[in-house]
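After this come two complexes, each holding subunit A, first together with subunit B and then together with subunit C.
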Partner chain A sequence: MKYFLQRIAFYLFTAWAAITLNFFIPRLVPGDPVQSLIAKFRGQLSTEAINSLYVLFGLDDNKGLWAQYVDYWKQLFQGDLGLSFTFFPSPVADIIGDALPWTVLLVGITTVISFLIGTGLGVFAGWRRGSWTDGLLPVTTFFSSVPYFWLGIIAIYLLTGPDSFFPSSGGFDSSLVPAWDQYFIPSALQHSLLPALTILISSVSGWILSMRNMMVTVSSEDYITVAHAKGLSERRVAVSYAARNALLPNISGFALSLGFIVGGTLLVEIVFSYPGLGFILLQALGAKDYPLMQGIFLVITISVLVANLLADLAYLLLDPRTRKEG
Partner chain B sequence: MEPVLEIRNLNVEYGLGDRAVRAVRDVNLTLHRGEVLGLAGESGSGKSTLAYGLTRLLAPPGVITGGEVIYHPEKGDPYDVLGLSDKALRAFRWAETAIVFQGAMNSLNPVHKISTQLTDVLKAHDPNMSEHSRNARAREMLKLVGISPDRMDAYPHQLSGGMRQRVMIGMALILQPQVVIMDEPTTALDVVMQRQILGQLIELRERLGFSVIFITHDLSLLVEFSNRIAIMYGGRIVEEAPASTIYRDALHPYSKGLLSSFPALRGPRRELAGIPGSPPDLAGMPTGCSFHPRCPKAFEPCSTHIPVLGRPDSPDGAARSVACWLHPTEQPVG
Partner chain C sequence: MTIPTSSTAQVIPGQGAMAAPEAAKPAKAKRQRFLFLKNKKAAFGLIILGLYVLFAIIGPWITPYDPDARSNDLVQPPSADHWFGTTHLGQDVFSQVLDGTRPVVFVGFLAGTIATVLSVIIGITAGYLGGKTDDTLSALSNVFLVIPAIPLMIIITSILDNASNLLIALIIGLTSWSWNARVLRAQTLSLRRRDYIEASRATGEKTWRIIGFELLPNLTAVIASGFIGTVIFAVLSLITLAFIGIVSAAGWNWGTILFWAQGQQALAQGAWWWFVPAGLAIAFLGTALSLINFAIDEFVSPRLRSAGKTKLKTASGGTVRMRIGFTPVLSNSPEPHTRAQIHPDAMTPVAREATK
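Let's turn to the complex of A and B:
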């Protein structure tokens, strides 16, 4: 329990540090949203118009950095992430709330499926090393080194078109209104297939490779020989002795990838114009939309921290050596 | 004495084809019921390979290229272990021949409680045994090797090296096997712990009546704890005799070299000497007797002809065998 509280304290500190950095970094970037608007209008704005834009975005009063920082924390605790500049006057919290489910469902489910399939195949390939399964390795190495977005572009080029089943962009048919009904859900599924496959193909290979290699390493451990010598069934040795130990390093990799669900597949969302967080982040970056950027970074930071906490807990559960007491 | 395990002309190679390394060559060895047979030799002499080979546990690229391992069960006809089907082999393992491995620290699965690891072998060999009696048996074994049964729920990392090796010994005896192979069981432990554990093992052997093949490079331990000793060099057995005979009157220059490389606790002082040179490269063995380049007494036939293991022409020749041109043998053994 003491260990657990220590971890919690550590994560709270990390969260504080991350949020503080999150506050300062956008303010260190040269330029501001009004400047980018001026650029957009090619300098055809009058001084009055510029001044009124500053007032509109709340950038007029010259508050000190410290005061801004305190305000930032106050608002954060009220769940108020400010107003977006790009989607003015929508609150950032609403925009993120709309985009987050798309990302979490698409990337989250794909990541979990990819981990399960990859680990399963990796266990098999590692246990049967030297057989035909080794022939799959160069293929998986190739796919694991291909970037997501490139695979996405290829998929769009080859598989979509006017007559194709696969839509080339968007998260659902534009003639539909998002709702939990029999029209919207199939459409959303249809739109998610291609991005999901893209992510799956390029991420599953990584899991296969790492799990296979761990299986090969673990297979030469003494306790595996002992398990064979004990006359245990092949299945029991493979699962309960070899795979059970080989899984441990992969668990932390999995937790990390859960953390990157929110931010990690930005490029896939951009390629497929998928209405998730990555797509929003791109727009926020282009418009120097601090509040939206900060909001998205905050969500990413928190999800990485939560994923790490989950990894710690999973480790406690799976590896008795990490439990300090008892 | 009736035999329990007979190894006949066993050959083990690592790799295939021309580049294969012959790690065990034409080994003939018989283990009798209730005896402790010591197997000694330097690193790389093939002693562990022999042990892994006779239980068919060799990891690839190890292959058994010839020979027989005849096992005599307590009841029923003897059979060749090398000819068993996978299923029969699984049933044979641990129930008839259990092994205590050299890596005391790594022989237990780190993620399972020792109770799980003690009982899964019972479950595998007797699926009808109730969970209650499995646990009772596991407790009994822990008590037998001097570990408090309340450590059943401990994980391996919570036990000391000595305790882990005791758990392994308890695990080896849990199915009451006829043969226990000890592959350098105490190498990872300190000297005091070594003696304590071996003493306990010998006591258990007297009580339970199993036979032991005891593999080590420490000849002093063998002289103390075994009935008979076989000395291996370059994959072959070069001398085999009762332990006291080897100690008093070793015939093979290699056995003599091994004996003079450790100090005796009792008896007259003697000069300590190592064996010059290093163990042979198994991939490029010398011609003739593989020991001749290091042998202080090598003479003309040694470098060209391989000496055959046989009974030497000495008063106690019937109980021993040696493979050396210094001691012409009457008839080959095996």
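Let's turn to the complex of A and C:
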């Protein structure tokens, strides 16, 4: 329990750090970015949007830095992330709310599947070291060196077309309205297959490799020899003895590398025009929509923190040592 | 990607090194380097990397065309004149790829260096000094580890309009040191209670000397592996930033080529030559660096090597699978065998299992 409370304290601290970072980044910009934005939009910005920009960049002359910081927190607690000017006058929170489920479902499910498949193959490759499985490694290395989005582009080029089963872009058929019914769900699934496959192929190799290395390290431990000597079946030794112990570092690795994976998957969404956070981020970048960008960064960071917390819970279940302390 | 993974691949190799702290003990530096090159992965990786560095240096001088120059050959497939075809403005893709090598290699190595220096300072200080310093520095690196790096980079780069390659390398370096710092801290923790460190402390060596001359040489492999991992990550990050079009001011690199290919619907036009060369260039650079990293891991922890043949033919024509920690016992009886036979009395349950 003590371990768990420590982790929660750490995540709260990290969330605070990320939010504070988010507060200070716009204030690093030299000069008067608001003027250049106003010039860029040639009078299309409303007074309200301009005011919120001045607040965002800390060019609000009336207030000190501390007062701005306090205001920022007050706004956050009200769920107010400012107004987007790409999708003016929608609030940033609404836009992100629409896009978040797409990203969470696509990236979340795919990442977990990738971790499970990769770990399974890694257990096999590590246990059967020296067999044909060693030939897998160079191939997977190559795939893990390819940027996610490039693989996506190639997949679109090779697998989509007028007659293909795979749609090349979007999250659902454009003639449908999002709803939980028998028309929309199959369409959404069909549209998510190719992006999911892309993420799967480029992320699975990392798990295979790390699990293989851990298996190789673990399988020369004394307790493995003992398990063999007791006459346990090969399968039991591999799964219940070696794999169970090899899994622990892999789980903490999983938690820590989520941040990296999310970065890559945002790009996959961009390539497939998938209606998630990555796609919105691209639009925000094109329009220099800083409130939206920052909102997306904040939401991504907090999602990664939550995922980390879940991975910690899994670790707690798998490793009795963490439970004993408290 | 990223990253990682892709981004994940660069995250993971450290574990191999972490898992075997007792390994990195160089007897003689010279002999070790020689051995390292004997590893096929290392040699192959270093050769490819060498080629990239060569093109990074001479690339912009040997381009057959000016990468910006327009011509009338619009969207032409590869030919003798244009090896990698042309773009929508008739620009030569081959020249763009060559010209784009320098920024990629430059940003990769500079960001890798910045991140490595930071991680060495923070990781070793935290691991060696312990106590409050350790708590503070560990919390700092964990925070940086958990905050997603790519979105952070995207926002910073986008806000600093028209960032130069130097600035981008700085941003990438400053946001990607944390993993290595963590690995180095763990390694330092395990090293600092070793006898030889205790001995040098007892003989009154200064802390900076212990760190610089006793600890650092034994961390070389871990640092090198971390450096390579960060270079991979930095290259992928630069490509990502360029692909979404927020570093367009910094000249050509492979990401910029992909950005234009994507923006001009190269896919819809069937212009595969526009995006395939740049992607393969990234993939081969990444593979070369990963190979070097595997070689370092295997060097530090020989167990990780692909074991070669583990199935041996016995004199009697059967096969036995070799395993760590086991010695198969074969019978010496003169009677002819049809398969490898282990004398039942001499066989432990384990061996029975292993020869099934």
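As a convention for this text, the second predicted complex is superposed on the first by the 262 of 326 C-alpha atoms of A that agree within 3 Å, B and C clash if a C-alpha of one lies under 4 Å from a C-alpha of the other, contacts with A are read in each partner's own complex, and residues count from 1 in each chain.
We take it that a contact is a pair of C-beta atoms (placed from the backbone, for glycine too) under 8 Å apart; a residue touches a chain by one contact, two chains touch by 3 or more.
Being a predicted model, the structure only gives us computed values, none of them experimental.
When the shared chain is aligned, subunit B and subunit C each come close enough to touch A:233.
After superposition on the shared chain, subunit A has more residues touched by C, the comparison being subunit B against subunit C.
In the superposition on chain A, contact is made by A:245 with subunit B only, not with subunit C.
After overlaying the two complexes on the shared chain, residue contacts for A:321 are found with subunit B alone; subunit C is out of touch.
Looking at the shared chain after the overlay, A:7 reaches neither subunit B nor subunit C. By the document's definition of touching, both partners, subunit B and subunit C, reach A:220. Of the residues of subunit A, those at positions 130, 220, 225, 228-231, 233 touch subunit B in one of the two structures and subunit C in the other. Across the complex, subunit B meets subunit A through its residues 55, 57, 59-60, 89-95, 98-99, 101, 103, 106-113, 120-121, 124-125, 155, 157, 168, 171.
Remark: subunit A residues 10-11, 13-14, 17-18, 21, 25-26, 28-29, 33, 129-131, 134, 137, 141-142, 144-150, 153-154, 156-157, 202-203, 205-207, 209-210, 213-214, 216-217, 219-220, 224-225, 228-231, 233-234, 249, 253, 256-264, 266-267, 270-271, 281-282, 285-286, 288, 290, 293-294, 296-297, 300-301, 304-305, 308 touch subunit C in the complex. Remark: subunit A residues 130, 220-223, 225-233, 236, 240-241, 244-245, 248, 318-321 touch subunit B in the complex.
Subunit C contributes residues 1-13, 15-16, 19-20, 139, 142-143, 145-152, 154-156, 158-160, 179, 232-233, 236, 239-240, 243-246, 258, 262, 267, 272, 275-276, 279, 282-287, 289-291, 294, 297, 301, 303-304, 306-311, 322, 324-326, 348-350, 352-353, 356 to its touches with subunit A in the complex.
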